[in-house]
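As structure tokens, here come the structures.
Two complexes are shown next, each including chain A; its partner changes from chain B in the first to chain C in the second.
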Partner chain A sequence: MIVSNTTSAERGIRSSALTRSTEPATDTVRAARKGRARTSPLGLVMLAPALALLVAFFFAPVVLTTIFSFTNMTSATGISGGAYVITPNLLRDLEWQGMAPEAAQSLSGETISVDEAALERAAAAGVDPDFLEEIEDELLGDEFDDARSFERELKTLPSRPRRVRDLKLAAEPFSQSILNTRFATRDEAATAIASIAPDLSAEDRNTVLSAAYTGWVWTTDNFERLATTPETARLITNTALYVGFTLSLFNVGLGLFLAIAIFYMPKTSGTIFSVLWLLPRITPVVLYTVMWKWFTWDDGFLPVVAENLGLPAFNYMKGSVPTAWATIVSLNGFIGASFGMILFSGALRAIPQQQLWASEVDGASRWQQVRRIILPQLRWPILFVTCYQSLSLLSSYEQIWLTTNGGPGNTTNVWALEAFRVALSNYTGNLQYGYGAAMALVLVVAGLALSIIFLRLFRFNELVEKPKIEF
Partner chain B sequence: MTILAKALRSTAALAIVAAASGAAFAEEYTITVWSGGTGDDSHYRVDAIEMAADLLEREAAVRGEELDITVEKQVWSGWDDFKQAVTLAAESGTAPNIIVSGHEDIGPWSQAGILRPIEDYVDFDAWPLNQLYDNLVDVSSYDGLIWGVPQDAESRPFFMSKAHLAEIGYSEDEIDALPGKIQSGEYTLYDMLDDVKTMQDEGVVEAGMGFAPRVNNGTDYWQFYQSFGGEMVDEETGKLVFDKQALTDMYQFFADAVEMGVTPATYLGGDWDVWHGNVAADAYGAWHGGTWHKSQWERQFGVDDFFGQMTFSLIPAGNENGEANTITHPLVYLISTTGSDDEAAISAELVAIASEPRINSLHAVESGHLAIGSAQADVPLYANDRWTTEATEQLLPYANPIPNNADFGIFWDAMYQGLEAAWTGTSSVEDAVNQAQSAVESGLGDGIIIR
Partner chain C sequence: MPIQLQDFTKRFDNTTVIERMNLEVHDGEMLALLGPSGCGKSTTLLAISGIHRVNGGQILFGEEDVSEQPSQKRNVGVVFQNYALYPHMTAYQNIAFPLEVRGMGREQIDKEVRAIAALVHIEQYLERRPGQLSGGQQQRVALARALVRKPGVLLLDEPLANLDAKLRLEMRSEIRRIQQETGITAILVTHDQVEAMSMCDRIAIMNEGQIIQIDTPTEMYRNPKTQFVAGFLGNPPIAFVNGRASGEAIRLDADEVTLPLPTGARRPKDGEPIVVGIRPEIFGVNGGSPIGGRVSFVETQGRENLYDVALPSGAVLRSIQPVRHDISVGDQVTWGVNPDALMVFSQDGTRL
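For the complex of A and B:
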């Protein structure tokens, strides 16, 4: 009994242990009898690749999503961290928020003075001595309001660098402005502020430093925003409708119908029929969606047929809300139906034929056979398909994205598609990684919660417990 | 032998080998350029950089220097994928040296540290950058720095079918006078709705084909916000402005168009090729597009008498609060922080050369875009093209850009989502405006003025 219930991994451990000596194997059996855990370093080694994959492709993304979701990360803040930049716009905003104009202006000083100190800085920065000499002769003691007017003067000097970039680099040491300079750390920025505006109060300095940070900060705003925006309710409703319809009509409903139809068909035609239904699943998703476009587009197959029959003919994919919904549900459903079909077909073959023969002897119709014999014995596969496919539909968006793209007018948008758009793909390029991650995290939590509910509801423990009788 | 002596010997040996081969003085650069929203007609956005590289190499050769530049080009036809590619590549330190994108990206991308200000590398007082239109240079500036060089300019005109206007009783003179009436505010968006409704009622155009706006999200929709008196940015404070009344009127206009049956409720999200095909077949009464669409209609969709088939004008005013207007959405050449300072300097020089009037005119005329600088009026290719000249004179003086503001994307997303909701009827106009307002308030807080 023990042998029949060990997993393949455990069998692997034992067979390799047996090659070394029979002693440890006996120990293992004994340990198992006593109810102690049977572990071996080799087992861990064999599990390691699976664990590594699990960490890389499940735990790490979930952990990162969780971290991102508590930040205000966008394409403007960047992901890898920010810098401290004092810009004219920032100073104007601070003034607008109540900072004293003198304080703000003390930071905006852009005056360029050609004095001994500046010339020394330029010499230290490696500016050509001949050029420096000319600057000293021509411009010593001059002041300029901005870098551009200073550079214009430099351009009149004979020994100026010929490359524009070199001229700009030569002009840099003369400016002491801190505007638009990217300081890597808060301390560097604080030092620079202290040098240019020594009289700035500590409070003002901290305000400026906090506002000058370009990177992301921790926040719970994403979840507050999700909880308060009306869009959330619409996305939840759409997602529930999408998952509900696709699952009930196609993944389970059609899958079941196909499996039973094939079950009653002659074997050869049944096989051909089931292979045909596998086509949507094995066709590459982009090709499959393009085919749906041909099928439903203005001059596509369906509208042309409808026109000939005198029915309303238009772009079914995007032309009306009900047909757009019918399109996304059926195109996803036809992919999912084959999954149910295969599982149900397998389960159907496990039903003892004798039961069907006996029912026929008793005069049962096909429908009675399905209702009284087949369906009750397909309970587990149906529950499994419901559970598995609802989780997979919940996170699927690619077929919708490639067809209706949430349209017409955002009416077929679902949670996963919106999360993808918000975080990674939208027309304005305003990628809100933090908000998108919060949406994705909600999806992960909803998925986990659903899994637990399904496991409880369908009494998964009973499904996997040891058989009551030995085979 | 000491380590120092070894190092000296090997350095000397290397120097001799390099000198013997002559390769020591050859500077080699590989410059990558990526461009978004670029189709078959606008390949000069990246090809101009290649032409510039050739010129720069020749200039170097004349000076007796050896310069070898390899330009690697990549274009995207849309914007979503392109902007995703640029931002993610920048995060991983592999962004292209030159990025061709909308000017509105300067705000967020400069904040993120993806860009170098191009004014640090080129001279805007020297040819050819000194002849660029000042307003386009302003559009390429942000936070007191010039970040990019304008790559093209355009405007987004309003079109009406001359044949269909004549069929509902407009005389030829009245049709010719229409752009002027639109400009003065005498002919409004609602007059247009009445006219296209008449076209439908009289069977001149099919039901639902009266008014065909842009099929998806785009700068164009801000024009309608302006038509109803909306301002995108407050000039005094530089803050974004959410004008509730203008947005309500704008949403109401599209809801009314749907209500009148001149545009379908499910219109948004349609297919561009179908739209172009209908324009070319003169199936619409009124529509709006971009100056560059003309070349697409002629080259790909068989329009052979553009000026005879349609009138073009500013976008009409919506009501007494707004004015006729059009938006220009220049693309800009931006220099990324990827690579060395030398690579950035070479990239910026290539951008400057690519902005030569003659080179830029190739792009402008082929793709139906407008000039970036005054000198292009003297380039025969540009000056002799009727469309670019007329559009430059009649539309460009009234064109304004969308703001360079790191937060504008949030406002834009909210505006378009609200428009979709009101248009499809999934929300009332009032709810759609409130929804947009709550989205900008939660996303931007004090960063936007609600009026």
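For the complex of A and C:
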């Protein structure tokens, strides 16, 4: 409250007003503080939707991926719990893995006992009730070691079926084996094993039980498998080549070239030119890839042109490794180039015109102007495009999937496509969620590591500093 | 190097900004292109530097016609209004840039850069980037960059517009000193008459794409060719009063005041409407033809006071006088005008 040119009387009034107003002033401050405290929960409420979205769409997928990657989930195990089933195949596998043949033999044996449960099973299977009554009367509580001795006993009964086949059918419900039987819990399965094979060692029993579980379990096998499969090295090489070539040649290289070309063009033609380069980006991806198929397939545009020129003509998309690579890199590159072009164009327009004039007056040729004045000032957008596009390329597979699908052979397969196939689109039908999640997790970690490296490399902190130059 | 513009014409699309302009700048001279915004002075400068192409006429550097040469070949140094320093380079690299692009050796560059840095007094700031320099220092770097390859012509486009008042005063004399030490032909574009008058050997006043008058600052102040020039130069500005010629005298409109015609002026016809220009310093206590009026405003300037005197008709004259305490707003005064220093203009603005 600075007032000039006031008379002393006025000043007196004002100063007394000032002293009087000190108390209300502090009150106001206090009220303001209280007010701020009151509004802070409101701020959280306002932030809540964003936080919820963040959690739902950013953190949850990563957390779930991490969880899945430490399981052996497949479509065979399902994602809920499983049961215990011992199958002949399982026993054969265990034998291969070194279990004693006698142990396997004992597990695959059967017991025949005549009890209430067996009689019920037989009735349900449609065995003649008179016959069953006789069995109950004569044999209830008996046990037999094999089917032959049981059948011998049955043949002594008066109401027995005439045909041997019917007799065997009637005997079947009394025979019990743990093979192919579903046990809901480990204990049930253990009891059953103990009753059928009492001589089985505890160690063997545990091995069998673990192997017999049909649900998913926690495991680090996925990562071991990734680390040891020779396919991993090829996928990494392919992904690095794909990202490297697309990024350097197209997303940054072509983007820069286009932006600079447009910058030096007259305005109208520049606008038309830049809109043309946006077309691959705005075309739906399926349509776009179909067009590339027409473009590169046996009777497509390029092979036809090549044939007329006397050049080798074949299905460029899938016919050879170099052309397949050229196809997927340029196909992706043309989509990504427009992003860099727009970003670089904006950054170019932000360079003051007089700076460019100054460089011309200083004697710089156009190339020197680009090289010495323009490019150094595009460092930040180049970093941004590199960082952003390498991350999006790392995780993109749909264009490759829709065109070469990793072929010919597996030569253009990349990490993200393999993860997608393993987890979600397996030809044999057994989708390996756990293994796929492990591959995806590797991708996430690689992306994070790359981001950190990029930010360090381009000295991000310096770049986002407040500019000190006044224009 | 002398510069000559012959019938220079510049159009943007279909708008003619400058039509057949002629201008001659002598060797080693510093000339101001002075005029209000939009008068075409910057356009002229950019055409001389080669950034704008000419649409007609010729630009001569010495004997050589450079009209069709690109700016890279003209060997001109330009200082832009915002200095246009390259923000990603240090001051040293900025100054070295013109030498590097022509492929000069590293040692030679170093020698030249340090020499020019000494001339503009920025030796201690060479390793800083433009962002770390003050406005005045940036200005000096821009000057050094413009001068380092010894151009034939130095062009300054409103070089002081972005500086605060104190720095402006300092850089005014600095630029003049550097220009005189290097002996370079320089053109200064400005809309500030004080800059033009204090820094330059000659001033070319421009309006609407035309040069109205070229003269030394003193001569232009004393003998403006038109009412526009008289009104543009002088601070506080000249006062204009309408009147009519009446024999050897001038009758001011609606006021019972008669002034004698200044000697040397062309005699207007009787009854012809004319405009009388009275500068503040020729209206005051030192005799001459008396004019009476009421003091309507007093502006304190420290050493002097500026008095606005309202004539009965409502026209306002200005008088600048050493500070005095006997006059205050509302006082009736009768002060004299030095009739020989009066300027008389015809209705269309030309000096009589």
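One rule holds for everything that comes next: the second predicted complex is superposed on the first by the 296 of 471 C-alpha atoms of A that agree within 3 Å, B and C clash if a C-alpha of one lies under 4 Å from a C-alpha of the other, contacts with A are read in each partner's own complex, and residues count from 1 in each chain.
Everything below uses one rule, namely that contacts are C-beta pairs under 8 Å (C-beta built on N, C-alpha and C of every residue); 3 or more make two chains touch, one makes a residue touch a chain.
As the structure is a computational prediction, the values presented were derived from the model and not from experiment.
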* **Partner chain in contact with A:W357 - chain B first, chain C second, else both or neither** => second
* To do: Go through the superposed model and pick first if A:R163 touches only chain B, second if only chain C, both, or neither.
  => first
* To do: Would you mind checking which one, chain B or chain C, touches more residues on chain A?
  => B
* Who does A:Q377 touch here: chain B (first), chain C (second), both, or neither? -> second
* Now for A:S80: first (chain B), second (chain C), both, or neither, which partner does it touch? -> first
* Asked: Of the partners chain B and chain C, which touch A:G409 in the superposed model: first, second, both, neither?
  -> first
* Asked: Which parts of chain A are touched by chain B and by chain C alike?
  -> none
* Residues on chain A engaged by chain C in the complex (per definition of touch) -> 352, 354-355, 357-365, 368, 372-373, 376-377, 379, 467-471
* chain A touches which residues of chain C in the complex? -> 46, 49-51, 70-72, 74, 76-78, 80-82, 84-89, 97-98, 101-102, 130-132, 135, 145-146, 149, 162
* Asked: Once bound in the complex, which stretches of chain B touch chain A?
  -> 79-81, 83-84, 86-87, 90-91, 101-102, 104-105, 107-109, 111-114, 117, 120-123, 125-126, 142-145, 216-218, 237-239, 264-271, 274, 341, 345, 348-349, 406-410, 412-413, 417, 420-421, 423-424, 426, 431, 435, 438-439, 442-443, 446
* Asked: Along chain A, where are the residues that touch chain B in the complex?
  -> 74-80, 82-83, 85, 87-89, 92-93, 96-97, 152, 155, 163-165, 167-168, 179-180, 182, 214, 221, 224-225, 228-231, 234, 297-298, 315, 318-321, 324, 404-411, 424-432
